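For clarity, chains are labelled A, B, C, D, E and F in written order, and residue numbers in each chain start from 1.
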Amino acid sequence: MDSFTHFNEQGRAKMVDISDKNETVRTAVAVSSVVVNNDIYEAVRQGAMKKGDVLAVAQVAGVMAAKNTAQIIPMCHPLSLSGVDIAFDWTEEKPSHRLNIRVAVKTKGSTGVEMEALTSASATALTVYDMCKAVDKGMVIGETYLLEKTGGKSGDFKREG
Amino acid sequence: MDSFTHFNEQGRAKMVDISDKNETVRTAVAVSSVVVNNDIYEAVRQGAMKKGDVLAVAQVAGVMAAKNTAQIIPMCHPLSLSGVDIAFDWTEEKPSHRLNIRVAVKTKGSTGVEMEALTSASATALTVYDMCKAVDKGMVIGETYLLEKTGGKSGDFKREG
Amino acid sequence: MDSFTHFNEQGRAKMVDISDKNETVRTAVAVSSVVVNNDIYEAVRQGAMKKGDVLAVAQVAGVMAAKNTAQIIPMCHPLSLSGVDIAFDWTEEKPSHRLNIRVAVKTKGSTGVEMEALTSASATALTVYDMCKAVDKGMVIGETYLLEKTGGKSGDFKREG
Amino acid sequence: MDSFTHFNEQGRAKMVDISDKNETVRTAVAVSSVVVNNDIYEAVRQGAMKKGDVLAVAQVAGVMAAKNTAQIIPMCHPLSLSGVDIAFDWTEEKPSHRLNIRVAVKTKGSTGVEMEALTSASATALTVYDMCKAVDKGMVIGETYLLEKTGGKSGDFKREG
Amino acid sequence: MDSFTHFNEQGRAKMVDISDKNETVRTAVAVSSVVVNNDIYEAVRQGAMKKGDVLAVAQVAGVMAAKNTAQIIPMCHPLSLSGVDIAFDWTEEKPSHRLNIRVAVKTKGSTGVEMEALTSASATALTVYDMCKAVDKGMVIGETYLLEKTGGKSGDFKREG
Amino acid sequence: MDSFTHFNEQGRAKMVDISDKNETVRTAVAVSSVVVNNDIYEAVRQGAMKKGDVLAVAQVAGVMAAKNTAQIIPMCHPLSLSGVDIAFDWTEEKPSHRLNIRVAVKTKGSTGVEMEALTSASATALTVYDMCKAVDKGMVIGETYLLEKTGGKSGDFKREG
């Protein structure tokens, strides 16, 4: 078992030294989702067509959260992200529907971007909740997890189906 | 069906006017969780006992995220929170275990604190992921949702079991 | 002539004491604009119709900047804004076109929201520039000024035509 | 016509991938201005001589805004700026006077610093407004635009007189 | 002995609930200092007279830090400060000199402003160090402490000489 | 005597151009301390053993402040820190005790990390004060200074005993 890397000899949190790590291209993809009722489903979809675009606001929130990850996650290294891309699709279930959120983050740097992708996916989902909560507060943010990553010494990761 | 409140007449996002709303005491409780493997479960629990306390760092992240919610969620009103309290407990499942996160937020203000509680719960879960990801990147952040809220014109909300 | 209020007896910048001022409803409206060439004009307008909505992103930036004004303007008091609303319209000129930006900000507080409205209008204009600069870097952000304000001891202000 | 680069295939905003771009030295110069009445003109100039230095505060605001640009402009890449320099001069007009603001930004990085220069110029102008608004709220922030840039694949840009 | 108030029943950090506390006027005064060599002493003093004003920059940093205290100190409540005032004077000692920093903070709120005053004094001192460190890195930031506070249930505090 | 480097030809603050400086590994160590009474000493030490860990919260604050240094110190360059490590020990004095704070910061970059180490040490000390001030507001934050630095053109620095 690998040991925890975020603690120093006194057992206290530290930001791990990465100055020996190589700068390589690194990518990470994380997913989240929001389960909404039929009223919200209809409203969000129509808004995206006509006006009042919930997902446009959520996507901006997701991009900004990716950039702010090191401010939100205490031991996370600051990184100059080179790209963030957020995509949405719907799974129609009855009586509720699931808005799927997929965030891809890329950088050339000394540490991975898993946290940036996960934090961005969470902020995107939270913003959807905020924009729709006047209709129904019973929405649920679904499981949030890393789908895959590439680059860096620890190698690639791909979630098994 | 209530209409979306975050859009103006041009169908563009706005921050809703709340200057007519009364200042009342408002509370919200949100939950999230992190499903971890047995190695992480043992390490986090021992760390909490001896040294290297993952949950102490996660809790600070959760409190700070509650305060930063209006920076993370674009249309969310800034609020002077009066209290934030985060509690943890474990559900032992096999072969993985679930760390349950429960965040209670309180304020005296003109708008609710649902987003603060949800954002805090998410940031707490994300920080647990960050602190433990050197051991296993397969952790899953569980469903995140509002458990209950009190105060404000829209009345109380309590999630049905 | 009124004296400068942002300096102390040593002639050094200070944040003025407003604890004696009453909490009243205060509003401010500020305007800015961006002059763009015909290519950008067509692209932004079509984007708003179909997909790729420059103004949706700019509007989110404007709302967030209103909330962050006290972080951007050193001697500005932090305020819990109660509402922010941003509207756009076009003045078609030849050969370029002007995108007009109008920001209305409202609060119940001890100091005015002129700076919030002006800062929001600027950030909205800057974001339009950022979103379109791959097409043409020659865009100009037009004059930015306060159109009107209400509330507070210094009374109402309305810009003369 | 170049296409918009800030949108993905779903037509949603993204932060463009720049990981293939070379790190080169990049500079940008942006200008803004503030038109003030004679009372403010005299007060600012005397303040700079004796005490109560409006421009010193504005300049700090401009430098900090340059560093915060990626927080203010949603799709803007975070950059480690290597230098920011802000200069002022006056154009005496009757009955008002124009304070000219010129911001030069430099970095060694994978993307340009136009937005940093423009955002810094805007924040500097907004801060002058804030420091002087107790005297007169009728000040106008003048046109804000890019004067020149160097470095990067898109080549140099120089505004035609 | 009063008990620690920043921990919940699980012994974990929380942000204390202050929603029952009254809104009253609260003030706090904190002091810090920087001990500098004669070269820096001469340069800072001349700069303040002619141009290149170290203390103007430090004062802006101090005001902004007061406003950002709840972002820097994890369990500190966000507060809408009503006023911040920073003053400097010199104690001439041989061979070094002491720049004394005194920060007064005021608010009308539910919790005290001791942390805002102390954080502001520290940021002011740190900025003096930053502005002068090219001359000498041996500067020392002197003792930093609360001089007095007024308002609130815990009563007034005045440091004994 | 070296000249001040933070001012431009107009004598105004600027962020110094570092684009010609080499990227090298740079380290800095800064120290601070907090003098507390016996009640706090006992409580902090027992908390670290059982529950309610003041130092865990302070350490998170210190790491986050190191990352935020360029937001707190106006003319400080933004840096992607590669590591931050904070250690505590006690000097038992009568009737008060001194908690010693030592922060080591490391990066691979174009400018030094002295300000990051000093700012982190200050934030750590301030957070200890915040967590314990319900017991006694008479705590004093001790002298804060640079112990040593390595890397960069200006060479190594080591404080003489």
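General remarks:
We take it that contacts are C-beta pairs under 8 Å (C-beta built on N, C-alpha and C of every residue); 3 or more make two chains touch, one makes a residue touch a chain.
Not measured: the values here are computed from a predicted model.
Number of steps on the shortest path from chain B to chain F, with steps defined by chain touch: 1.
Of all chains in the assembly, those touching chain D and also chain E are C, F.
Chains touching both chain C and chain D: A, E. Using mean Cα coordinates as chain centres, the one most removed from chain E is A. The contact pattern of B-F recurs in D-E, the pair among C-D, A-F or D-E where over half of the contact pairs coincide by residue number. At the interface between chain A and chain F, under half of the residue numbers appear on both sides, which makes the contact a different-residue one. The mean-CA centres of chain C and chain F are about 37 angstrom from one another, to the nearest whole unit. If you average the CA atoms of chain A and of chain B, the two centres end up 15 Å from each other. Distance between chain C and chain E, defined via averaged C-alpha coordinates, is recorded as 31 Å. Residue positions 10, 12-13, 53, 56-57, 60-61, 64, 68, 71, 74-75, 80 of chain A are each in touch with at least two other chains. In terms of inter-chain touching, the protein chains here follow a pattern that is not a line, ring, star or complete graph. Which chains touch which is summed up as A-B, A-C, A-D, A-F, B-C, B-E, B-F, C-D, C-E, D-E, D-F, E-F. Contact residues of chain D toward chain C in the complex are 1-7, 10-13, 39, 43, 47, 50-54, 56-57, 60-61, 64-65, 68, 71-76, 114-115, 118-119, 122-123, 125-127, 129-135, 137-146, 149, 154, 157, 159.
Looking at the complex, you find that chain D touches chain F at residues 25, 55-56, 59-60, 63-64, 66-68, 80-88, 106-108.
Residue ranges of chain C in contact with chain E, taken from their complex: 8-10, 12-19, 70-71, 74-75, 77-80, 109-110.
Taken together, the chain F residues at the contact with chain B in this complex read 53, 56-57, 60-61, 64.
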